[in-house]
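Next come two complexes built around chain A: one with chain B, the other with chain C.
Here is the complex of A and B:
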């Protein structure tokens, strides 16, 4: 810990304008590519909705009003009401928090575990590399969604298990990227130099190599984020995962799907659109995130 | 060239300006360049990195990347304007009329196609042959570039061939359609001197016999001097001088040309001669007397064997054949370095010099043999645990590629501070910063550059950061692994002088690993020549270079491109030494 603070002091002391530089770099990445800018705006909007949405919604997402069931979008109910008379707009907004929470924590877990596993395999090789490689192959050999279904069905229908299942099926992607990126840098010049400077092997892996693998990992991260949302929604859609009456996009689409035939399209359309927007945002975010963490992009 | 008056030039470039769009607005890479190549002539463009020599050739081929564009000026090839030709015309011309050889032959070849097929592709693309005849023609092309067993090599993939062989294949592709102009962009950079000689002679013979014109782009004035009729010197996007080769060396007109000739090591007598006159430093303080009786480093019968590739089954299958035996990269070598001495370790790629230095540095475990440093046996501590050894601070290294050896995410200050934190155990930020600044001053690095990231520094600045990091713990033995191989000659001159001064100041010993005998001559007291893992010759530098005993050393020396017109001054001190 002391070393980390020391390094940061060294940086901070010598670069009073480090924050300003980062800000300038952020501004450059945003202005150089309008798509990236759009993605960051959408992402920020989604985070704000997740944080403050439940306080701002006009109706209680769980309150049922039987006299108002299945009303089309109107001034009172922007996205209409569902079969129990619940306000669809409020439910879509409130669901943002849960969906983001599931996907962010699932992706965070698989990022940390996958990166650690892949990095060790790529750096030291040997039996751990072989063992972890076959383990990942085993995961990849399953149809991933079916694997997630199996895990949730076996372990129980809780949010925690959805997160774990999503994390497990995403694990191989991070582990593979991390392994490849680490193994090409294992004997790079600056790594040899770090050995000569007296760094231990673990420290070299953690502080010299891993930060340099961030740019490709970031792309993977944001792509997987969209995927994780879809996965969580998919599990709920088939009845595994979040249980009604909790507001969640996947469940809402599943429940709404029954009513599309009878003409009540708004039940499934709006949560589906929210889901699509979220996936779209995270997929666009990838390039921008990579540009942000790539030192070569700085002038 | 008098022929120019009678013949219209094959290629003429007039007032060419090329701009690149960058984050900070347009940057002019080439400004008002004029040059002409007559039929059958070999023209050299010489310049340091960033001089615009490659950009000029890319503009001729119209293969500038998307950010670059020709702003003004004209390019005419055989009377045909190229600067505004459309892509269809250009792709017909490329390969058929104008061909190009690139710097890295391995990158220029498609790794998943056999070399024979790649030659066929070009022939068929330009309708030089049909599918039935293609194979025979491709084999003929391979024979043409003097590849032995061409019929077998036809089926080889690029990774199965050595660098020199790959470059021959690239040349075969370039010459397959008998173009009128060959553009060679640093064709031998990264190849060994003996390979360089073979490749350049091949290019010269083939282009002469076919009456082709050649545009040779190189940073090496010696190479251009030996193979070109005329030389264009470029600096910062402009042509500063355009002369006959002989006149350029005998009476260089432009100060930049004079500086370039100065910093080319063959002409220099001492290391100070490499620097421009106005930058001449006082001679280095007399080096402390080398005490030969107490060796600082003693290497005895050092061996490094690598297991043959492939898994257990493959090895079982190859049992008994020579391929199954471990490859001995370093095969029982012995040498010693005295305190304050600098020893050159010379050899071509694959001779084991880098493996030797990695073992001495304790980055790699040896198979057998002993390495004693100040009387302590080093091989007893495994390389993986040597970072905790108290001797770590005494053994440091400057790496070959200054860019690759710096962490892309760490500022110059952080890179230099790394050994201070880890080895010296310094903990106070202010003290570390002060020491880093002191080191920066010692290596001549401006303090405001300390907070930059590696890609924001020039090659020479990065080399200084690498040197500052290596001397941060005041090591007694510094291994210099081709420290100037990736640098321009003028920067090389400054860095070599810096190294000589630091050695005199701190009394360090150097093991200077290099393929460049001329640089070794200027910096080292003693030289060791290695080939295929063994030492073939060892002795005082002046003696080995002037009167080599081993055949291999003679071959190495004769392969160095040496323009006849460049005055060479090495003989003088040698005669004194012999007398």
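Here is the complex of A and C:
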């Protein structure tokens, strides 16, 4: 109901500038659900930490101080120190950049490839649709984390391959959404109009249909982001990709795991909590965005 | 079409999927950077020994021929030799499979037992506190990294409270494993009437099981709630209520039975997550299953072992989906192959 009144307010009367309209819509999005607002603030905070964190941390994340090993959190070391005397707080902050970088690039790759593949399959159908469908089915036939392990093991144990493996296992989600969204629109009125006025097929797909599929794709992106972070961290937790002494949440939890049964909880807790917060943020953001795009699927 | 025909057709549908899986695992083997023969020969190999291994592995053949050889190996159950243990990979995997299955099935049972009542309650009492609790658990559950939850539970229940046993494998060192019948230690202990052993095995199983269950709880509870809400709002339910059926009957027979279909579909997806998360949980709890075998193999670049692990997990997943689809066909008489 509020949706409808707002849309009518926005479309009726004198049309404000595009910027003002976007701003109004943004304000509506943020105020309609405080949780979405919170998620947005957290997300912005995380991006800021990723950008400026390494400049602001109180200690060098790699500096080892053997006389200060395994100290619990204190005023000097907010999150305590690890087995080599490194400052856990600094390491958690610095790791934000690497973790976000891995998951953002993986999700970006699968978004672009998945959208292209799904759009072509949905628009033209035919053999490409069948072939890509088979290909995606084969990916989905694997337990996805296990497939990622196999890919990294085969292609070599590097961060780059973690990104590629995460991208491949996420590909089906985007390709399927894109295919479904494009195929229901391929004969829509505005598409026929565009075709009639002499646009090429590729142009119609790129500039008329794809922009209209973006909202559900963005929702998928945000929901998927948290999952991508979890996957990448899981891979480094079992010792793939990121190598010590690099600061990364997954590997920090893995290193801290050895000390948890002797009670040194801060080693694993803080990177784990950071990881959880990141995933939580993206999930909330995705849920909020989905509520906006598709109020029917609110759960 | 009879139900049997449908089930049979579904089994046939799994054949191309399994073929696809085999192709992918084969290609992964060939995607090894550099020369696989040099890789398998080890660091101190001479050019002659590398050439010898190349012939032995069939790497001098063309790719299609290599694929045929790979298929033949698979048909005879040969997954290659594990470099780290020196045993055939198939033997190693089979030996460790019961441990993983015990953990996975226990976790799944636990999460179904919690998630479905929770989802049903949340749907029936929509927008009350129980719905909010459900929503919170669902959102938190998908955000929790399994390995982190596991460590947290170990810290609280082993270190702080001292209730749980040390997270070191399937059985306390004081106990001897019961004679193997099912491979599941708890069941074997019960069968052999060694109550203390069964109890100890159960205590070891509890924390990793809860960890995995927490992870799978979220999608299940979420889907149960959504499916129940949809069923509750339907016209046939209104009719059932109007006909004066008791509310239990309306809920359990008419609403829940219809809501079960999407829940069962979700179970398939949850299985995929569980098999992946299993690897992480096994590492945290030193659980001697195929997941920890794969991690050990990854660390020492034991290639055949990792491939065998990926292949067997994928085949397991396909088979589980097959079972789920069969159950689906049995529950829903409307299901037709086209649908």
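Convention: the second predicted complex is superposed on the first by the 270 of 299 C-alpha atoms of A that agree within 3 Å, B and C clash if a C-alpha of one lies under 4 Å from a C-alpha of the other, contacts with A are read in each partner's own complex, and residues count from 1 in each chain.
In the analysis below, a contact is a pair of C-beta atoms (placed from the backbone, for glycine too) under 8 Å apart; a residue touches a chain by one contact, two chains touch by 3 or more.
Here the structure is a predicted model, which means the values were calculated and not measured.
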{"item": "Which of chain B and chain C A:237 touches, first, second, both or neither", "value": "second"}
{"item": "Which superposed partner A:60 touches (first chain B, second chain C, both, neither)", "value": "neither"}
{"item": "Residue contacts with chain A in the superposition, chain B compared against chain C", "value": "C"}
{"item": "First, second, both or neither for A:189, with chain B first and chain C second", "value": "first"}
{"item": "Touched partner set for A:147, first chain B, second chain C, both or neither", "value": "second"}
{"item": "Doubly contacted residues of chain A, that is, touched by chain B and again by chain C", "value": "299"}
{"item": "Chain B contact footprint on chain A (complex, rising order)", "value": "2-3, 6-7, 9-11, 13-15, 28, 32, 188-190, 192-201, 203, 208, 211-212, 295-296, 298-299"}
{"item": "Parts of chain A lying in touch with chain C, wherever the complex brings them together", "value": "134, 137-138, 140-147, 149-151, 153-156, 226, 230, 233-234, 237-240, 250, 253-254, 256-257, 260-263, 265, 268-269, 272-273, 275-276, 279-280, 283-284, 287, 299"}
{"item": "In the complex with chain A, residue positions of chain C that touch it", "value": "16-18, 20-21, 23-25, 28-29, 31-33, 139-140, 142-148, 151-152, 154-155, 158-159, 166-167, 222, 225-226, 229, 271-273, 275-277, 279-280, 283-284, 294-295, 298-299, 301, 303, 306-307, 309-310, 313-314, 317-318"}
{"item": "Chain B residues within the chain A interface of the complex", "value": "23-24, 361, 363, 384, 387-388, 392-393, 395-397, 399-401, 404-409, 411, 413-415, 417-419, 421-423, 427, 429-430, 432-433, 450-451, 453, 455-456, 466, 469-470"}
